[in-house]
Amino acid sequence: MGKIFSVEFLIQSIPQIAVYLPITLLITIASCVAGLIVGFFIALARYFEVRVLKTVAKVYISFIRGTPTMVQLVLVYYGIPILLRVMNEAWGTSFDINGIHPVVFAIITLGLNAAAYMSEIIRSALMSVDEGQVEACYSLNMTKWQALISVVIPQAFVVALPSLGNNFISLLKETSLVFNIAVVDIMAQARIVGARSYRYFEVYIAVSLIYWVCCMLLERLLAKIETYVRRKERRS
Amino acid sequence: MGKIFSVEFLIQSIPQIAVYLPITLLITIASCVAGLIVGFFIALARYFEVRVLKTVAKVYISFIRGTPTMVQLVLVYYGIPILLRVMNEAWGTSFDINGIHPVVFAIITLGLNAAAYMSEIIRSALMSVDEGQVEACYSLNMTKWQALISVVIPQAFVVALPSLGNNFISLLKETSLVFNIAVVDIMAQARIVGARSYRYFEVYIAVSLIYWVCCMLLERLLAKIETYVRRKERRS
Amino acid sequence: MVEVRGLCKAFGDNQVLKNLDFQIEKGEVVTLIGPSGGGKTTLLRSLNWLNVPDAGRVTIDGVTIEAGKENKQQIRALREKTSMVFQHYNLWKNKTALENITEGLIRVQKMPKVQAVEKAEHLLERVGLIEKRDEYPVRLSGGQQQRVGIARALAAEPQVMLFDEPTSALDPEWIGGVLDVMKEIAADGMTMIVVSHEMRFVKNVASRILFLEGGQIVEDNTPEKLFNNPENERTRAFLEMAEL
Amino acid sequence: MVEVRGLCKAFGDNQVLKNLDFQIEKGEVVTLIGPSGGGKTTLLRSLNWLNVPDAGRVTIDGVTIEAGKENKQQIRALREKTSMVFQHYNLWKNKTALENITEGLIRVQKMPKVQAVEKAEHLLERVGLIEKRDEYPVRLSGGQQQRVGIARALAAEPQVMLFDEPTSALDPEWIGGVLDVMKEIAADGMTMIVVSHEMRFVKNVASRILFLEGGQIVEDNTPEKLFNNPENERTRAFLEMAEL
Amino acid sequence: DDKKESDNSGVTTYTVGTEGAYPPFNLVNEKGEPDGYDIAVMKAIDDLNPDVEFKYEATGWDGIFTALESGKIDVIASQCGKNEEREQKYLFPDIPYTETQAAIVFKKDRTDISSDVNSIAGKTIVSATSGAQTNWLENYNKEHPDKAANIMYADGDMSKMLQEVINGRADAHIASIKVTADYVLKEQGLDSELECLPFETGDETTTYMLLRQDESGEKLKKIIDDSLKTLIENGTLKELSEKYLDGDYAPQL
């Protein structure tokens, strides 16, 4: 007779699942970087209240946050080829999108998605910097950009870091949505391994352990950075 | 002949899906409130560096953020009964947990989950309040709590709000995980409706529209609150 | 009223307070003078334990607290005896001028709100800011902020007032106004420790002057003696600069 | 060098600057005095467009800018001509004392880093803070922060310096020290506009005094005339307070 | 399992779990109730046994097995296939309730793919992790390493997998039941583009109810085995199959 909960199976499944860790990490890190960069510029549009861009940014944020990531992923992955097909038929062109690896779609979609969330964190951090700090920059004839780079961003960074940490860690797990576009990451692999024996309970715990280890390493790193940047504003 | 994409189907499915909106909203709002409260106290333990609690808080945050919400949900909802069954068999007790509605488990799990994320946002917002502000409280013999309530929290609130908004909106969509514990929310219903005729694209778009409307209303509200609380610190 | 014994405070290698001893009687108005960076603010902040000293003992109105052995109750008891005007005012940004004053009264002293508002309005009137009653600090001028800070500290009516350069942002007229207020409360028997280089204050209000330099009290004297015949060479030079 | 025409600024109902007109020649050291809340800071901040005036025109060293018609280039050109010491110092919290000074030199004036550091060290020396070179602002005393602020503004070597109460946090010795620095740069022909109630400054450095009250310049005079024979009744009362 | 007994009537209540997203086998109908062939079979079993009563619940696939283990549900009727690994953990009745005929779906212009199993060698086949046909495919690959296909795992729904074929990211999709595939192709107007042929897997995809390895599971296994035997013998299963699946996929005894 078998067992309700098989510890050996759990242990055996860990290496099988962990094989796909590079994919998970690749997508997480790449979309995180993409999200930070795009999110930063979206935040700037709102921070500086740039005329049209500020509205565009708001709509973008609202749209991206308002719709499920899974749907965005599916729409981009399946929708773009449909669009291309229609275009090709209508105009006789012959674009082919199949050469692009689904991981690229995943990174783009997740990155653009993260950007919306991160932009709000970055905006509020930028706005938390005292006006007097910026005025001091202007009084010495710095440009907006110079003020941003030498004063506002470094000070906002401290405030934003813990919240951005949330997003990094969320993203690590949100990556599992890529299975919707047929990319196998650690969560998908856990499902595949689990499906063979219907031992889902064991594989979920196995995959959770892997996530947790990654998360702890990330938290360590974030805590180090935070201590480092906070030292400047510590009284003692 | 059928169509690849049926607009009528999409439109018809909206009311069918929207019927379950109250469940989605109930779970979102309740777990949001729970998350805010628990998250606030976790943040305090770290903010005040309370001896043991601060470490407990760190482990809690790490564990919750480090493992997928879906797994937590399944573990809590199904794992507790398994544990009880094992206990009952071992000790001859007869606890029964089946009377509790799954929505309650959903709210507890999602609430405790959100708490971990929110606590980091709240902590960084609390820490962004100038030390001088707190010292002024202490100089007038306020207690830590009084300082917190009359000065630190109101000032931190402005900084935390946009990031907390991220979490509210995430939670709205994360609610869809509850189908794994047999609760039907709008996303589950969308899948169900879609499955009947294999028209997933249509229902995904339909459910996205519903989410988007909710999200936009929420964003309106948040923007109003933000403008209101920021007025105190605006130069003009 | 105030007794300080063996007070030491260092920031890293920088020994700011070096084994300070002094005593202040009830009703004295003591002025703390000394060069910038000499530790005046640090000393003041040690008296209400905002700076935790490395060593030493502070007694205010019977409440004794010793560095390294303090507990919450002691710190609160100590702070009950004092209130402070900060060098950088530290007005609460989320409160109006009025609320900055009433907050402590309502929360700490449990004064009914109506009464607290009445008291605050009276104090705002005295510092000439009644029409800025509902303004938030960012929209007040430097001197206006400083005056609200003074009003806030006065409202607490403590045993000992700690003022850190309370007139630095004021014009001559308002310096006069604030000095009048301080003279009044001094006449009521309030003990005050005031960091100030405002010579009018030093000459007219102070009953005693401490000259703090290099973490030590190099001179402790009455204004008359100090101005006419300072014991210390260093003090003489310092005051000459002030007299110009 | 500086020309102001029809300058107006209101915050809500509060008309802070009422149609100001004045002109300052190259090399003049103008002191702005007046009661707290009178608009001195607002005026100073309008000169480098940190406060956007509601109406009026400012010309500094040939750069003219008009309220409501300003553009980015004009604002930058205007700011190139000036630098400012803030009433609240506004030191950059994420930069050390040294970096606070070098940052503008390196970024705006594109000075090589070595040279900027050298210059900053020289200035820190002059304000007595060379040993605080690598300290962050939160760990400096009030007076030390103010001196770094002065050094930062001096480093830019602009056409016109705007000082907002630059000696408020200083002790008599350092007031003397800073005045010496200001006298020196005044002697080099720098134009300065200084908000100050420090009478030593007003008497010894200023070449001209503007008395600002109720949003208007109620007196514009040389120190000698102002002190000996003020034109305006209001000014006389104000100065009497200062003289005590 | 005494908890399952209701006090006086002697009727035992069991909860049947199903994914509810795999029509025509299982779905949730307009009334919000689980429905489809899988459910109909369970209802027929219920009718045969006056001393048992079934309740039905739709649950996401990610939680359904844990729900079984925890006792929240007692049997899964969701087209589960049998294999050795699964038998270690769960209890399968001896008698299956469906023997479906698989189908292969590919682009009309592909001549290199056919009903022949050998034609999938080296091709990319998109297949759902939860599907019985995936199970078959994995075993096939293991047993015929020289003729193995690339499995492109996908998450659940057929319309997505068909898109993969249309977009050319996959060469073919193996559907567990031809009739369903035909239905979807027609419904979504893809029949002009995609070919759907019966796929001879030789060893046809056979599905079972899934039970917990405990006392209640053993009891239920007996009930299901006995009932399925009756239902096959009296032709009810065939009827249900024809009604829901448009063909006879009832297993033979």
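Here the chain labels run A, B, C, D and E in written order, and each chain numbers its own residues starting at 1.
Just so we're on the same page, a residue touches a chain if its C-beta (ideal position, glycine included) is under 8 Å from a C-beta of that chain, and two chains touch if they have at least 3 such contacts.
For reference, the UniProt names are A, B = ABC transporter, permease protein; C, D = Amino acid ABC transporter ATP-binding protein.
As the structure is a prediction and not an experimental result, all values here were calculated from the model.
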| item | value |
| --- | --- |
| Chains touching both subunit B and subunit E | A |
| Identity of the chain that, by mean CA position, is farthest from subunit D | E |
| Geometric centre distance via CA averages, subunit D-subunit A, whole Å | 47 |
| Rounded Å distance between subunit A and subunit C, as computed from the means of their C-alpha atoms | 51 |
| Distance between the centres, which are taken as Cα means, of subunit E and subunit C, whole angstrom | 81 |
| Length of the line joining the C-alpha centres of subunit C and subunit D, rounded to whole Å | 28 |
| Two or more partner chains touched - positions in subunit C | 11, 88, 139 |
| Residues of subunit B engaged with two or more neighbouring chains | 4, 70, 74, 82, 201, 235-236 |
| Subunit E residues counted as touching two or more neighbouring chains | 62, 66, 69, 160 |
| Residues on subunit B engaged by subunit E in the complex (per definition of touch) | 1-4, 16, 70, 73-74, 77-82, 85, 96, 98, 179-182, 184, 188, 191-192, 194-201 |
| Residues of subunit D that touch subunit C when the two form their complex | 11, 33-38, 41, 87-88, 139-144, 147, 164-165, 168-176, 197, 200, 237-239, 241-242, 244 |
| Subunit E to subunit B touching residues, read off their complex | 3, 17, 20-23, 27-30, 32, 57-60, 62-63, 66-67, 69-72, 157-160, 184, 186-190 |
| Touch list for subunit A against partner subunit B, complex | 4, 61-63, 65-71, 74-75, 78, 82, 117, 120-121, 123-125, 127-128, 131, 158-163, 165-167, 169-170, 173, 176, 187, 201, 204-205, 207-208, 211-216, 219, 230, 235 |
| Interface residues, subunit E side, partner subunit A - complex | 62, 65-66, 69, 80, 83, 85-90, 126, 129-130, 134-135, 138, 152-155, 160, 163-164, 166-169, 210, 213 |
